[in-house]
Amino acid sequence: MNPADPVLEVRDVAKSFTMHLRGGLTIPVVAGVGFDVCAGECVVLGGPSGAGKSSLLKMVWGNYGVDAGSIRIASPDGPVDVATAEPRAVLKLRRGTMGYVSQFLRVVPRVATLDVVMEPALAQGTDPAVARERAQALLTRLNVPERLWSLPPATFSGGEQQRVNIARGMIAEVRLLLLDEPTASLDATNRAAVIELIDAKKAAGVGLLGIFHDADVRDRVATRIVDVTGFAGARAAA
Amino acid sequence: MTATAPLLEARGLAKWYGDRLGCRDVSFDIREGEVLAVVGESGSGKSTLLSMLSGRLAPSAGSVVYRLRDGSTRDLADLSEAERRHLFRTDWGFVHQDARDGLRMGVSAGGNVGERLMAVGARHYGEIRAKAADWLDRVEIDVSRIDEKPTAFSGGMRQRLQIARNLVTAPRLVFMDEPTGGLDVSVQARLLDLLRRLVADMGLAVVVVTHDLAVARLLSDRIMVMRGGRVIEAGLTDRVLDDPREAYTQLLVASILQP
Amino acid sequence: MTAPIAPTQGYAFAYLDEQTKRMIRRAILKAVAIPGHQVPFASRDMPMPYGWGTGGIQVTAAILGPSDVLKVIDQGADDTTNAVSIRAFFRKTAGVATTTRTAEATVIQTRHRIPETPLRAGQTLVYQVPIPEPLRFLEPRETETRVMHALADYGLMHVKLYEDIAEHGHIAKTYAYPVRVEGRYVMDPSPIPKFDNPKMHMSPALQLFGAGREKRIYALPPFTKVESLDFDDHPFEPTRFDAPCALCGATDGYLDEVVTDDRGGRMFVCSDTDHCETRREAGHRGALLAAEDPAGGATARPEIAEDLP
């Protein structure tokens, strides 16, 4: 993919929550959001907590609905607008085109760590043996002890779960990778490992969109910073 | 036929019981490998919908079209009773909430699993038994219990046996009605995990009716929220559960007890 | 054989009134037209309890004519209470000739056996049936069993056989062994031993089945294909006996076990009394008789009183 080509184009996106249980109270989140993420760059969303960074990431992932605007992702089958796409199209994007490292691992009971990590690769159709090798390499790199691989991550510490989560998010070959504070609960060693992994993804031409509260990490990985508070004017008007 | 053609397609389904509404205006389609959850409280119309989808209840309006293994599509209303039964024991499965409705309680585990095979003409005892044993193993029931009756099994085992009994003929579409209802939480988790794996391995299409949003989240890709006989919200499961739009969906999500 | 006599005054011929017999004949005709299919009929109260052969008797009554020769057996024997009573009943109400010899009979009513002497064209075998529905103990709903028959939905029958093998290592059912008729209906052959099952297949005789309490009639017309259900790797096998009949030495018949004393002594004798006696008349001797009467020679058949006072 040409590095100049955007893998993600966000245009005029607006989002608010209507709380029906609180008398239809409307809470504006963002409005007029527009930015691109190109292949090989890491765009970091900046701004204070509550500015809507996480919500934006979730909208790109299709996890939150979008009130207005478009979120176009360059899939191998052509651009797909997540804001209006059918659930099936979003699922397809999630399988083959974009990856997501969430803030917390949503644990599935009884599934072994190695299988948790392998799953996105298998869903892409990767050969199970190859997927296993990749999962093992990622877990090793993220310092998850091998004795834990066969256990379900439900009982792991927060840091261990987060590293499993990162491995799971990183394993698939995608064009766009969304990172929601992947280093939040990690020590310096593991932070460095994650930075290396991010660098490798950039080098491989993956477009990354992330949130990093840790200023050091942010400065280390960011190609550009998009300040979400820049969309606050629209918010005030909402 | 293309690979992306729907396996089952519901168009404008409605059911009236006299003046009383069962459900109305339900349209969706489902393909191989997709899991659709239908959630709602008792009386929301989800059970009525399931009965119509599985051809056990004639709709008052609308149609359900199914793509048979030979690629032809048929309106369920046009199927003869013989064809319907054949579908039900080959290409379809139905997992009941109460295993007693889906199992023959007086027949051994092996016989329960083997019944579908025998119904479609299997006449080699050794092969039937081997296949039954294989399926017991796949649903994590100790094969040494193959000759025991389900009455001797726990609730979770019965449910897994019911699943094995349904999947032995490699169906493409499985209906599930509250498959984890009435089970202990730890037993539920095991069952859900098993279901997830089987669905993925076999590329099953599943329509699962549940009032348990956690079950819907774990099993399904898409969700339909029903209330008063109508679909009030539908979409990606995590979108609907994390960013519910409708007042009722927000109420449902807000009502989940968090441990 | 006893000669025909004048029936007792005051009864319709063969007890049932003509309208009832016509109703039953219509059911029989339908049953013959759809081999193995259970036809409902308006079973009448008979002057005997259910379970004593009320279905068989109604069928016999409906097909009996003055020139018929009737034989009645119960478990193969002509001289047991049930057989004697039913024979006396028709003797009294129809005056027909009766016999104990299979070869002489035109109508044979039976409880739980098929005679060893092969039946021939022109003979009719009437079975007394307690429970006509082969699926009954697997599926309790009559509405459902009817649909299952209509759709030839018979997987469940094999589930029963599967259960037998799983439990006993072989198909343990030794009587009322289910059969498939002309590749279509699964039928309960009444509680005959499975030893007799092959005799139903392509029999030149007409076979009629009557269930009085359950109000069903079904039939096998002559030369009907009757297969016993089985598995490829557990084929149907008729019962075999290790010893010959102690009385007549027959090795081809179904044997009853008879306990001879209270010290564990026992012997096996033909269940079909006519078969046994016919063989003894011809000079055959089993181990028991050979010991008593080493000289051998034909024996006379015991007389059975046919006309009750």
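Chains: A, B and C, in written order; residue numbering restarts at 1 for each.
Operating definition for what follows: a residue touches a chain if its C-beta (ideal position, glycine included) is under 8 Å from a C-beta of that chain, and two chains touch if they have at least 3 such contacts.
These figures come from a predicted structure and were not determined experimentally.
Student: Indicate which of the five shapes (line, ring, star, complete, other) describes how the chains touch one another.
Tutor: Topology of touching chains reads as a line.
Student: Counting only C-alpha atoms to place each centre, which chain is farthest from chain C?
Tutor: Between chain C and the rest, the longest centre separation is with A.
Student: Based only on mean CA positions, could you tell me how far chain A sits from chain B in angstrom?
Tutor: That gives a centre separation of 32 Å.
Student: What whole-number Å value describes the gap between the mean CA coordinates of chain B and chain C?
Tutor: Distance between chain centres, rounded to whole Å: 48 Å.
Student: In angstrom, rounded to a whole number, how far apart do the mean CA points of chain A and chain C lie?
Tutor: Whole-Å distance between the two chain centres: 79.
Student: Which residues of chain A touch chain B once you look at their complex with the stated criterion?
Tutor: For chain A paired with chain B, touching residues are 17-21, 58, 62-65, 87-88, 90-91, 108-111.
Student: Provide the residue numbers of chain B that touch chain A in the complex, in ascending order.
Tutor: 31, 34, 189-190, 192-193, 196, 218, 221-222, 235-236, 238-239, 242-243, 245-247, 250-251, 254
Student: Flag every residue of chain C that touches chain B in the complex, lowest number first.
Tutor: 147, 151, 153-156, 158-159, 162-163, 165-167, 230-234
Student: Under the definition above, what is the set of chain B residues touching chain C in their complex?
Tutor: Of all residues in chain B, those touching chain C are 81-82, 85, 89, 104, 107-108, 110-111, 114-116, 118-120, 123-126, 128-129, 146-147.
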